[in-house]
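Each of the two complexes below includes chain A, the first together with chain B, the second together with chain C.
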Partner chain A sequence: MSNVQRQDLTIFNDQSVLSKSLFTEGLSHLLFVTHRLGTSPSWLINTITESYIYGIPFSLNESNTSAVNRKAVCTKPLVIASFIHESAYFTSSLNKLKIDSTQYRILDFLTDFALKYTGNPKEKVLTELINCLSKQSGRILILEQPELLIPLLNITSDELHLNFINPLMKMFSVVVLVSSVEGYENTNADSGEYQKKDMIDMIRYTHSCFHKSIVLLALKPLDTGRANDITGTLRITRGGASPSRLPVHVVENEYLFHSQRESTKLFYR
Partner chain B sequence: MASTSHNPKILLRRVFSLNESAPFILCIDDLSQAGWHIIEEFAQNVSQSTPIVYVGYETVNKPAFATHFIEGTTSVERLTIGIQSYLPSQPTTKRHLVVIDSLNYIPNDQISQFISNIVSPSVTLLGIYHRSESEHRPASLENYPSSLSLLHFMASTVLECAPLFNKSVDLEEVESEIQRFSIPRGLNATVSKIIMTNRRKSGRSLVYAFRYNSQDHSYDQLVETEEDQGVDDSQVLEGLTTFNLKTSNKQKLAREQVELPFLEAQSFNTGGAIVYEFEKDDDYDEEDPYEDPF
Partner chain C sequence: MSFRKRGDVLGGPQRGLGVNRGISSPDARAMRGLPQGRGLPPNGEMHLGERAHPIKHVSAGMRRLAVNESVVPPSSLDQSHPGIRPSPVSSQPTTSTGCHDLDKLLGHMGLPLGESLLIEEQGTTEFSSVLAKSFASQGIVHNRTEKSSALTNGNTHLIVVTLNQLFGQELPGVYKGSRKDIKKSKISETESKVTVQNMLESTHSEPSARQDLKIAWRYGLNDDKKNTKHKESENDAYPDYCHSFDITSRLMPAPNSAEISYISSIQPVRSILSQLESTINKFDRKLIRIVIPNFLHPAMYPPKSTQLTELIPLLHGIRSVVKKYKERTVLLCTMSSDLFSSGLVLPSIEIFFDSIINLEPFQQEMLEFLERAYKSQPNKVQHGLLHVLKLPILSERGEMHVMKSEWAFKNGKKKFEIEPWGIPVEDTDPDDSKHSSHNLDSQGALNSSGLDF
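The block that comes next holds the complex of A and B.
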């Protein structure tokens, strides 16, 4: 792939990754990132973080790497909350990208989650998590794998959406949900195939996320197997939410990406 | 001459503008084509004075067209009370529209009760249902119909959203991608297909398919051509073997003209009769009533 030209990531038709029009007062939008085994979304989380803080993803888009003047354009901090990674995982990668640490907050919902919340009623746990996030007074939230709350708290997907994700959407202008779709498939509901409760909840969770989202960013490995110069594909498609309140629209595209030690490159497919 | 309601385009427009008698309109969508544009088409077509109550399970943004916005909740009783507070207690001539952005959140065992509590002669309920979303079925209701079956049964008009594909698209591949939660590009587009099933008062169902453009709000009826209905034998057999399995036009004509055996015997139009012919040796007595062979 060395001879192939690198491409810049754009999601919206104003040539942006995070369009300014997403941050209209009183409106909330959801971006849904799905990933599978072998295609970690950490580089995409970094890209979204950079795009929000500086307006441009310096580390990913080749045309912007020459820009020396890195000035934060955001007024409120970005919040990253994860149920599968501790704070150090994000701080180390964001520090490598030289992102101003005052512009983001990281909440670790992984460490000692069971110790902190065992025995508490599920409603109380969800309220505490929401309060914890609301204290950050951020404008954009990147929430990694909240679906883990379904088995952790023994709640249904509907409860998770209505009592956790919807309240968060009211608090933040943009919510980026990052979820794994490995291990279960969207089995047709009419097929009559027996499905376990856990499986139904995971399918319902992903469905609801899709119908709430304005854009779907799907990371997956190559169908043909492994390659030395390609890690996987990023497919950008429209979500199931109405875009009528947005002056911009999603540019559907598919990229090949190659993640090396500390950098990721995009190529057109 | 057919009445105006039998013109499919006019019928669809009447459904969108709530001029057709339809207390419950079901909109079925899935991951390949979301149904939000159907809701917006209703909002575009109903009269300005029609109050629209929007129940948002999948959005927290109050749509611009909504008069009242209710957040979705896990308690169906609370939701019913919330909706009813915006609806007239007595039937009125003014129509009200209640929109629910996903009926999938209403539990299977409460859905019929919920719908019957909302609909009335002056209230139309428009509900979206995501077709491929699995639902929880309690063990005690193992033989109870699915929510989709119940909704299909109760709805007076069903609008199914589907993407419009080119002939070159491999539908099996698209389905397999969606099954893996990988949505192919080009879906959820502004141009899509609507299949409308409208139930008349007589019980007869009218089914029409439309090509719908949500940008310019136009809809044209899709009529299946002969090519869509059946593929010619010659196309199926082409390249299948090294033998010639095709039939030429001359051979087809000859085949049609062959008279099958016993075809004459199967014709019963002539009827049967006993024909008696008198012979010279026959002993015929005119006075004997039992002798009459006729």
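The block that comes next holds the complex of A and C.
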């Protein structure tokens, strides 16, 4: 792949990753990032973070690497909340990108979560989580693997959407949901007639996210097996939410990407 | 840009120019771990003249850049722990899994601290339990490396989440060599004892030994030593890092309560997690190895534990504990993947582990084929395929490390070996081929005769 031209990531037709028009007052949008085994979304989370803070993903887009003036354009901090990673995981990767720590807030919903909340009333826990997130006063939220709340609190996917994701969408202009769909792929193989409650909830959660989001960013390994110079594919497709209120639209595209030694390169498929 | 003139002598009065890199300031010293007595004198007696300003400026900059020490939790683990070495990939402290080949496969020469490893196994074999027991034995052997304080203080503690309270007594002992080697070591031991007979023998045998050396030199018999030098230098740096374990022997004496703790797997999630955390806190300043053998085995776990509402809180809590004490904790878990091949259970479990390997033992036909192919070298027969699904740290970064059918494993008395997989070419004897061709001919004749009506 050495002689193949490297590409810049653009999601919206104004050549941006996160269009400014997404942050219009009174509107909220959902971006849905899915990943599978072998294609961790850490680089995409970093890209979204950089795009919000600097307006450009310096670490990914080749045409912007020469830009020396890394000036933050955001007015409010970005909020990252994860149910699978501790805060040090994000801090170290964002420090490597030389992102000022005042520009983001990290909420660790992994450490001691099970000890603290297992067995507690689910409504109370969800309210506590929402309060915790609302205190951050950010405009964009990256929420990693909220689907884990379904088994953790023994709730249904509908309860998760109604009592957690929908209130968050009212608080933040942009909510980026990052979910693993390895299990979802498995559920499709089974007969629909005998699916268990867990499976039904997983399917409902994923389908609801597809319908609510304005864009789907799907990371998956190559169908043809492992390659040394390609990690997987990033497919950008429009989601089910109506983009009529937005002056921009999603540019559907599929990239090949290669992650190695903490750097990622994109190529056209 | 260099401040050194061409004629300046290195280490001379201009030596203090190292300050351009900000090394001389006390803060920077602390960062780089330099001793206070080297480089510029602390009282600033070095005549730097106008260059003192940039020094102040640089040191102030370094101070700003320096990681806030109050934020980073101090590592309570002893840095001279014999079972810890830096990872060649990420420089993170890493400990051995008790299997040299697995250490290499993981890419870090072991399992980095704060990381977890899941070993899945297909079929009904028990290869994963060999790895789990080697992992546990390695911890106990590390603990006993400093012999004087092994039972009182120690450096490693093992936590086993299982119902089997005899797990500690089933651990394999350190491999002491083949029967020949054991005999040789016994002979050398008796020879080394100071007895009259040995003294007499040694005086007689001296010339012959010299003669042997001469012959060895002439025929280059000592050349092997040169080849093994590289290996030895690696072993010398970390001599007690990884051991080979003999699965036919037992670790003697069996680990005691100061070395191993058991947590029952049939308790409520909350009590398992609180026991786990209290045990880690009880053995502070020790490396904690957590082992969960045969996770979700129907004989050891109640049926409800496979429900996601029970399973996910447990794994979420265990991951939280491992990450919370990441400067001194590692986790290894083994489970059967065949029991949960369909549905959400296995993908849900895999989310919580930083590294995953899957063992797929060969079917009987494949083993027979390999035995035929390696007729003259039976030691080369592999026992199954090893699939890599995740590697610690590297997969989290987004690198692709799913490697299916690229590695094979074989289990022996001495060690569990992992090597690149390739289908061997079956050597057929000329007699066999003649025989088979004759058979074919006869079969062909039969067929043709069958066609003639």
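The definition used in the following text is that the second predicted complex is superposed on the first by the 261 of 269 C-alpha atoms of A that agree within 3 Å, B and C clash if a C-alpha of one lies under 4 Å from a C-alpha of the other, contacts with A are read in each partner's own complex, and residues count from 1 in each chain.
Just so we're on the same page, a contact is a pair of C-beta atoms (placed from the backbone, for glycine too) under 8 Å apart; a residue touches a chain by one contact, two chains touch by 3 or more.
Owing to the predicted nature of the structure, the values given are computational and were not obtained by experimental measurement.
Placing chain B and chain C on a common chain A by superposition gives a fit, with no clash between them.
In the superposed model, A:Ser244 lies in contact with chain B only, and not with chain C.
Look at A:Thr39: by the touch rule set out above, it reaches chain C but stays clear of chain B. By the touch criterion stated above, A:Arg204 is placed in contact with chain B alone, chain C being left untouched. After overlaying the two complexes on the shared chain, residue contacts for A:Arg226 are found with chain C alone; chain B is out of touch. Seen from the CA centre of chain A, chain B and chain C lie at an angle of 120° in the overlaid model, rounded to the nearest 10. With both structures placed on the common chain, the touch criterion links A:Gln145 to chain C but leaves chain B unconnected. In the superposition on chain A, contact of A:Cys132 is made with neither chain B nor chain C. By the touch criterion defined above, A:Lys212 lies against chain B but remains apart from chain C after alignment on the C-alpha atoms of chain A.
Here chain B and chain C sit at a least CA-CA distance of 14 Å once the structures share a frame through chain A. Residues 186-187, 189-190, 199 of chain A lie at the contact with chain B in one complex and at the contact with chain C in the other.
Remark: chain A residues 37-43, 83-84, 86, 88-89, 110-115, 118-119, 145, 148, 150-152, 154, 180, 182-183, 186-187, 189-190, 196, 198-199, 202, 221, 225-227, 230-232, 259-260, 262, 264 touch chain C in the complex. Only residues 26-28, 34, 156, 158-159, 161-163, 166, 169-170, 181, 185-190, 195, 197, 199-200, 203-204, 206-208, 210-212, 216, 218, 220, 235, 237-242, 244-245, 252-254 of chain A touch chain B when the two sit together in their complex. On the chain B side of its complex with chain A, the touching residues are 29, 31, 34, 36-37, 39-40, 57-61, 63-64, 71-74, 102, 104-105, 130-136, 146, 148, 178-189. Per the touch definition, chain C reaches chain A in the complex via residues 269-270, 273-274, 277, 307-309, 311-314, 316-317, 319-320, 323-324, 326, 342-344, 346-348, 350-352, 389-390, 395-404.
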